[in-house]
Amino acid sequence: MTDERDAIRVGVLGARGRMGTEVCRAVDAAEDLELVAMIDQGDWLFNASDAGAEVVVDFTNPDVVMDNLHWCIDQGISVVVGTSGFSEQRLERVRSWLARKPGVGVVIAPNFGIGAVLMMQFAARAARYFESVEIIEQHHPKKLDAPSGTAAHTARVIAEARAAANLGAMPDATKDERPGARGAEVDGVRVHSVRAAGLVAHQEVLFGTTGETLTIRHDSYDRASFMPGVLLAVRAVRHRPGLTVGLDALID
Amino acid sequence: MTDERDAIRVGVLGARGRMGTEVCRAVDAAEDLELVAMIDQGDWLFNASDAGAEVVVDFTNPDVVMDNLHWCIDQGISVVVGTSGFSEQRLERVRSWLARKPGVGVVIAPNFGIGAVLMMQFAARAARYFESVEIIEQHHPKKLDAPSGTAAHTARVIAEARAAANLGAMPDATKDERPGARGAEVDGVRVHSVRAAGLVAHQEVLFGTTGETLTIRHDSYDRASFMPGVLLAVRAVRHRPGLTVGLDALID
Amino acid sequence: MTDERDAIRVGVLGARGRMGTEVCRAVDAAEDLELVAMIDQGDWLFNASDAGAEVVVDFTNPDVVMDNLHWCIDQGISVVVGTSGFSEQRLERVRSWLARKPGVGVVIAPNFGIGAVLMMQFAARAARYFESVEIIEQHHPKKLDAPSGTAAHTARVIAEARAAANLGAMPDATKDERPGARGAEVDGVRVHSVRAAGLVAHQEVLFGTTGETLTIRHDSYDRASFMPGVLLAVRAVRHRPGLTVGLDALID
Amino acid sequence: MTDERDAIRVGVLGARGRMGTEVCRAVDAAEDLELVAMIDQGDWLFNASDAGAEVVVDFTNPDVVMDNLHWCIDQGISVVVGTSGFSEQRLERVRSWLARKPGVGVVIAPNFGIGAVLMMQFAARAARYFESVEIIEQHHPKKLDAPSGTAAHTARVIAEARAAANLGAMPDATKDERPGARGAEVDGVRVHSVRAAGLVAHQEVLFGTTGETLTIRHDSYDRASFMPGVLLAVRAVRHRPGLTVGLDALID
């Protein structure tokens, strides 16, 4: 049905990893994308250019991702990167490579979950209109950190929005607290971390003001939940020359 | 429609107080109950017996409730008590008065919310079947204590049920915790206290085991929410001679 | 503490009605606003101008609201209107009056709940990123219409956003449906109306795509919940000459 | 650590199927159970008796399950059956086989989810105390029936409990309904079926009365969620001679 000449030609680096496998499946299933190269350790990067890849998705590891990026940019191939470990120094290096290749785009995102990104955007927007806000995040009991990185980041984003709107401290008359009951404080925002078997990854941001509450909740069940975000980036990266950090910028 | 001779004749002590007013309204609205006496400070208790009250509801205060109870029991009138401040010593005194009046019943309950009582009963029953359980209670920001009395009580009830079923500690791999993130511990059960404008009184008990969670949630918006429990006690007290403590026993 | 000369001088029309009473209380409690006139049936509108009102809030009824508006605009007083019954024709008339008074602003809003407005804005923004979306609204059992006006409006807003993003029909393999199980369809969006004693006014918008869901929930317990929106409009209306319809425009 | 002589010896029929694979894994991981036989199409049932199985778990199919049951009962092996398709006639046949083997137990359950069973038990108990109750079930969009079997069953259980308590119709003033908004009616209980990508299997039972609501919610993410119920039955079946239908009876 789709004219394959119009489809975006996509290569995947780290194609046999957990995320890479999902990316291959998702690209393959998308009508407007064509999976032209699946590359993993031991394969040649040239396979991507030989196959005419216009966009490469990289879910490899911090040791090889910089070499991959350098090569792709040189070849004029745009890249979507889900590999972690990008310091400001590394980002600067990528920017300098891109400066010499004005048509090429790179999107680097620590989190491709569109739902999580929207949750944070909405939380930032709602923050100024409510007296109170608290975060309840719920995860499986194998998680090592509490609160989760996403919850801490959400708290910071909310704290900034409250400060910008000149909101003061939230009302809280608690006098008699059993230690920990009121949660952890991140930039003045209370965060509660629930851990229970059966849970996967969930977060609720609860805003309240006189007579009403507004709740934004994100439930993530599966690493497949990152695929819509990856595909969104694949479709957008060719029209965004230069470096884009975070999915945020792609979700206007 | 209702034959008034069949209706239970009810008197209310503390009839002009916040709770008493609600009780009068609720008794008046119930087809099988008849409001025969509204008594408050300065009124004679005899009004209740003169009006033929079979059951008296007492929402007064700790200073006068014992005298009220003594008088009612002497008169052979059953009593439903919502007034607080009952020590074990006071309960023992009530039992001794009742011993001499075998037909009379007294129900004393710290909480007439049927929903809250059911929540605790269900939590106790579910506890043995789940690896994990945590409590999240949410209240308006004027509340002084955290966790709430109901949440602490629920935690204790759950802890007992887990101990009886020989369940060990819950799984929790948390290594890196910002202080308070994992909540307060009450008998080994984590309790999280959320405070926000707009909230009234809410509690969630979250049970989890491999691949599934079971959540019991109670939302209370209004002191009118205690009325179904008060009426339940009014209807039951005549058939329960002696002292009954807690609504629990009336909810089989 | 506040210098009263800086406070915005506010008059209230319909000051003895249910909403008007709340408005008076809210204006009185706000440090940056001063309640200078409380006017109801039988009182003179001149009281507002005599008291130096800069903004008038109108919660009256459709029979008198147009006369009130005409008079205020003539006097150069800005108006925030919560009274219902504004047809396009009426709005046009207000616009023509305002054309002759370039400094005066009027805000007419069918719903002053900031939470509800944000819920709809967020729903519109999220719509394009999710395959599926359904609305569950929950109200007290005295409500006459199902779905609620807010739910129907939300559905329409979502349908527009999906159409603009070229999203097709949502996935739904239902073959064997008991009539009504799948809810009502409003512009292709399923809406479910729950009615139960104890509920007040609640709405949930559930978005889903592979492996994740995003839920936006609004709970309104009290007509006091409209006050923050009314005050927001009072503060904004003097800087928005001309006619503004809906709270939306004030929430950037 | 565990003395293996005390462990219950378990065989699995249908060991290579989706559910059977999970059962093998769960039995293997349980300290008090020993997996002694994994049998599938083409294997001999004798392997189970040769290995000394005390309990056999059958997740096969309706065509072979009756033969399996007959053989196990003859061998004096107790059986836990998750295979579907048991008519009253089939159950009667199993009862007649068991009559001749007084020491043997058989548990046949259509649903091994402990959470779902508890949800239904709690719903049945709460039903008499609330004026209103509605069910909202939420599933992935590939589901064919609406409402789900569990939701319809829950509705029936609630309807019976309401009838037994002489509760009349629920309050509902709806006059202006868009078709389907108020859901489907199952024995007088409204059921709403939400279908969205990203969802797995969820159900909420919402009870309401004046000023309060009680919500019981079950979330099932994974077929592994049935394993605790299967293991519960494996442990219980040897002490329950005769036929037990449904997990209910094992959850006192």
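Just so it is clear, A, B, C and D label the chains in written order, and each chain counts residues from 1 on its own.
Methods note: contacts are C-beta pairs under 8 Å (C-beta built on N, C-alpha and C of every residue); 3 or more make two chains touch, one makes a residue touch a chain.
Which protein is which chain? UniProt says A, B, C, D = 4-hydroxy-tetrahydrodipicolinate reductase.
Note that the coordinates shown come from a computational prediction; the quantities given were computed from them, not determined experimentally.
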Shared interface partners, meaning chains that touch subunit A and subunit D: B, C
Farthest chain relative to subunit D (centres taken as mean CA coordinates): C
Where subunit B and subunit C are represented by their mean Cα positions, the distance between them in whole Å: 39
For subunit B paired with subunit D, centre-to-centre distance based on mean C-alpha positions, whole Å: 34
Intercentroid distance (Cα basis), subunit D paired with subunit C, Å: 47
Residues of subunit C engaged with two or more neighbouring chains: 198, 207, 209-213, 219, 221, 225
Residue numbers on subunit C that touch subunit B, as the complex places them: 198, 200, 219, 221, 225
In the complex with subunit C, residue positions of subunit A that touch it: 113-115, 118-119, 121-122, 125-126, 129, 207, 209-228, 232, 251
Subunit D residues touching subunit C - in the complex, by the definition given at the top: 130-134, 136, 138, 141-147, 152, 170-186, 190-199, 206-213
